[in-house]
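Presented sequentially are two complexes of chain A, the first with chain B as partner and the second with chain C.
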Partner chain A sequence: MKLDWWVVWQHRDALVEGTLVTVALTMVTMLIAVPGGIMLAVMRLGRSRPLALASASFVEFFRNLPLILVVYWAYYVMPILLGVQLDAFTTGLAALALNVSAYNAETFRAGIASVRKGQTEAALALGMSRWQALREVVLPQAARRVLPVLASTWVSLFKDTSLVSVIAVGDLAYNAMRVRSQTFRVLEMLTAMAVIYWGLGYPQAKLVDWLHRRFGVRE
Partner chain B sequence: MEFDFSPLVDSWQYLAGGLLLTLALSLLTVLGSLALGTAVGLARCYGPRWSRPALAFYVDSMRSVPVLVVLVWMYFAFPLLTSVTLPPFWAAAVALTLHIAAYVAEIVRAGMVSVREGQMRAALAIGMSRRQAVAEIILPQAIVRMLPALGSVLSITIKDTAIAAVIAVPEYMKRSETVAGQSYHPIEVFTVAAIVYFLILFPVTRIVDLIYGRVAHLGRS
Partner chain C sequence: MTRIPPTGSPAQAGPDLVLQYRGVRKVFGDFVALDGVSTQVRRGEVVCLIGPSGSGKSTLLRCTNGLEKPDGGEILFDGAPLPSDEAAMRPVRRRMGMVFQSFELFPHKTALENIAVGPRIVLGFEERKTRELGEALLAKVGLSDKAASYPANLSGGQQQRVAIARALAMEPEVMLFDEPTSALDPETIGEVLNVMKALAEEGMTMVVVTHEMSFARRVADRVVVFEKGRIIEEGPPEEIFERPKVDRTGEFLSHIGWSA
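So, the complex of A and B:
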């Protein structure tokens, strides 16, 4: 079999463009999903029963669905429910944001819950208000535990963005597979795609390991 | 807005067959990745020194590449390289196993490492061999600690099998797509698919939590 690696260089524009879309999708999703997760966690931990239930249902629902199904669902059902036609990028973004918000909500909730109750009690005993105790005692400790988990979620998200290629968002996976079907250089294009994902993902995974070592809580 | 669920009723057997395939693929992948992942995880802790960098490279690479890429590469590119063509189902089983085994390996390794070193020293001090110490002292404690993470591997696997639809494995996701496309009723078909996946996955997560709650005390040392 003859391999023609030149084809990868010839289509570098499509690959670079796809990579940029993948990175943008990751960043924008996280920008939405961090506040989204905080909001859901606050709802879950707050005093209002209905809000806590709504948050719990949302989180459990999206954590227990395959992401690819959420992507399809967003593509076919959302326009009809909302009555607006969204472009593929926004649709993919919405699906990813729903999914990652649910995971982030659990991360924040677990982070806050992991700070021992005695910490809040001690803060209150010192005369702090509930809000002060939360902001000055609980959250700084929770942040250390949340950070490594958020970083792991970031890497998962980076990889999961590849799933929006099924609704023709021009990300790295979609562009690489498009060039593959145009040129029939299957092995070259798919390997190039894998190598680019690897090149971007590997340092991120290593950084996450470092964050876990640096901030991880040991018993 | 009018809903019409008749396409689902008409092709329920087709969809149920897909669901069976989803479960079969999940089961095969879970068993395969438990075996491979445990072997890799243990080898990284106790295996020959020369094998460790290679295994670390495998695990970290799988953690940094999307499962979609592994699936597509295994199905489309692997046959060109080796002239071994795998049918979609087996290509998916192999790709998913390779990917998920890396996560299992990390869970196993983290579990083994989490058992305090004093346990190993005490076992060696009372005259156990290293092999005995690992099998009879470290592993039983580590397994309990691995359980919650291994339980989540179960639900991650079931969710990841849906991605096999991309290489046309006729499992539940793929068949839902087909029915949605042919009937022009994507809302009904995909909403039912969401409910079905949820009904499978939610009990799985709950049961795993429940079992862990029962056995958690066995992992203390």
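So, the complex of A and C:
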């Protein structure tokens, strides 16, 4: 078989553009899913039973569905539910954010629960409100403990964004596949895609390892 | 030099009962932690609560600042019953300092930040003012050189001294100590007790749950002996330690090795 690597260079614009979309999807998803996860975790651990139940239902729903199904679901169901047709990027983003928020909620819940009860009591004894104690004392400690887990989620998310290509979001996977079907250069395009994902993912994974060592188990 | 906040108010004319306990009850499941406890604390008084583990001393202290809610009876602070809801309890807690057995310093904050956080968050003091306050209080507990240290890098005794300074930063009217030296290595107990003794000499009102009998003997104005959720005897330390009226007090004291 004769390989033609020139095709990769010829379609560099599509690849670069797709890579930027993938990176943007990852970043914006996390920007939504970190506060989202904290909010869900606080609701779950709070004293209001309806809020706790709502949070638990949300988390269990999205955590136990395959992401690709949530992506399709967002594409077909959200327009009916919301009455607006969102563009593919926003739809894919919504699906990813729902899924990752659910995961982050469990991460933060574990992180918050791991902070000793005495820490909250010490804050309350100073006259802080429950909210002040959470913000000033509990969350900063929880955040340090969950940082390595969040970083792992980030790396998974970076690769999982490829699933939104099924609804024609122009991410790296989608663009590479499109070039493949136009040129029939299957091996070249898949290899190029692998090199880009790996080249960007590996440093992130190394960063996670470093975060584990730096913040992992320390008390 | 910064003004060190006044710790403890001078004895005032009129009603000077800071804390009054009237038939306080607290139950945890089947366990009766407090079975009708009545006593009081006067302004400027140092009261030590002693007795076997599980006899209710710590529970009474935790009920005092609302970390536990009594199931019966009432507690009056400065003449007014403690409010039952959390929000109304906050202004009361500001006026009480609490020191825990396990220190509970905030591990992500330096010694100075631990002291400054209460005034900054709760009282809304500005940064410069809280820093000066923190430095003055660190000097007071003999830890000026540890301002930038994190709790993990301090000894137990040093951590507990920072915790005392943190409580003092709120300028409390009464200090509650919950077994402040029980988690310490023997060689660092003395430095914490010295800080507490100095505080007592300044006239601070203090309620101290302790197993340090020599501290209670030397520093307390009054000693309250607990057993099974009840007060079995209370009085001046020389009476309690030398001529206890109740047999069980004598038995407890000899059991923990105290000899008059």
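Some observations on this one:
The working rule: the second predicted complex is superposed on the first by the 203 of 219 C-alpha atoms of A that agree within 3 Å, B and C clash if a C-alpha of one lies under 4 Å from a C-alpha of the other, contacts with A are read in each partner's own complex, and residues count from 1 in each chain.
The definition used in the following text is that a contact is a pair of C-beta atoms (placed from the backbone, for glycine too) under 8 Å apart; a residue touches a chain by one contact, two chains touch by 3 or more.
If you're wondering where the values come from, they're calculated on a predicted model, not measured in any experiment.
In the superposition on chain A, contact is made by A:187 with chain B only, not with chain C.
In the superposition on chain A, the chain among chain B and chain C reaching more residues of chain A is B.
Once the two complexes are laid over each other on the shared chain, residue contacts for A:84 go to neither chain B nor chain C.
In the superposed pair of complexes, A:205 makes contact with chain B only, with no contact to chain C. After overlaying the two complexes on the shared chain, residue contacts for A:65 are found with chain B alone; chain C is out of touch. Once the two complexes are laid over each other on the shared chain, residue contacts for A:173 go to chain B alone; chain C is not touched. When both complexes are overlaid on chain A, the residue A:160 reaches chain B alone and has no touch with chain C.
Shared interface residues of chain A (contacting chain B in one complex, chain C in the other): none.
Residue ranges on chain B touching chain A, taken from their complex, read 1, 60-61, 63-70, 72-73, 76-77, 80-81, 155, 158-163, 165-166, 173, 177, 180, 186-187, 190-191, 193-194, 197-198, 201-202, 205. Remark: chain A residues 1, 60-61, 63-70, 72-73, 76-77, 80, 155, 159-163, 165-166, 173, 177, 180, 186-187, 190-191, 193-194, 197-198, 200-202, 204-206 touch chain B in the complex.
Every residue of chain A that touches chain C in the complex is listed here, in rising order: 116, 118-119, 121-130, 132, 136-137, 140-141, 144, 219. Residues 65, 67, 86-87, 90-91, 93-94, 96-98, 100, 102, 104-108, 117-118, 121-122, 152, 166-167, 170 of chain C touch chain A in their complex.
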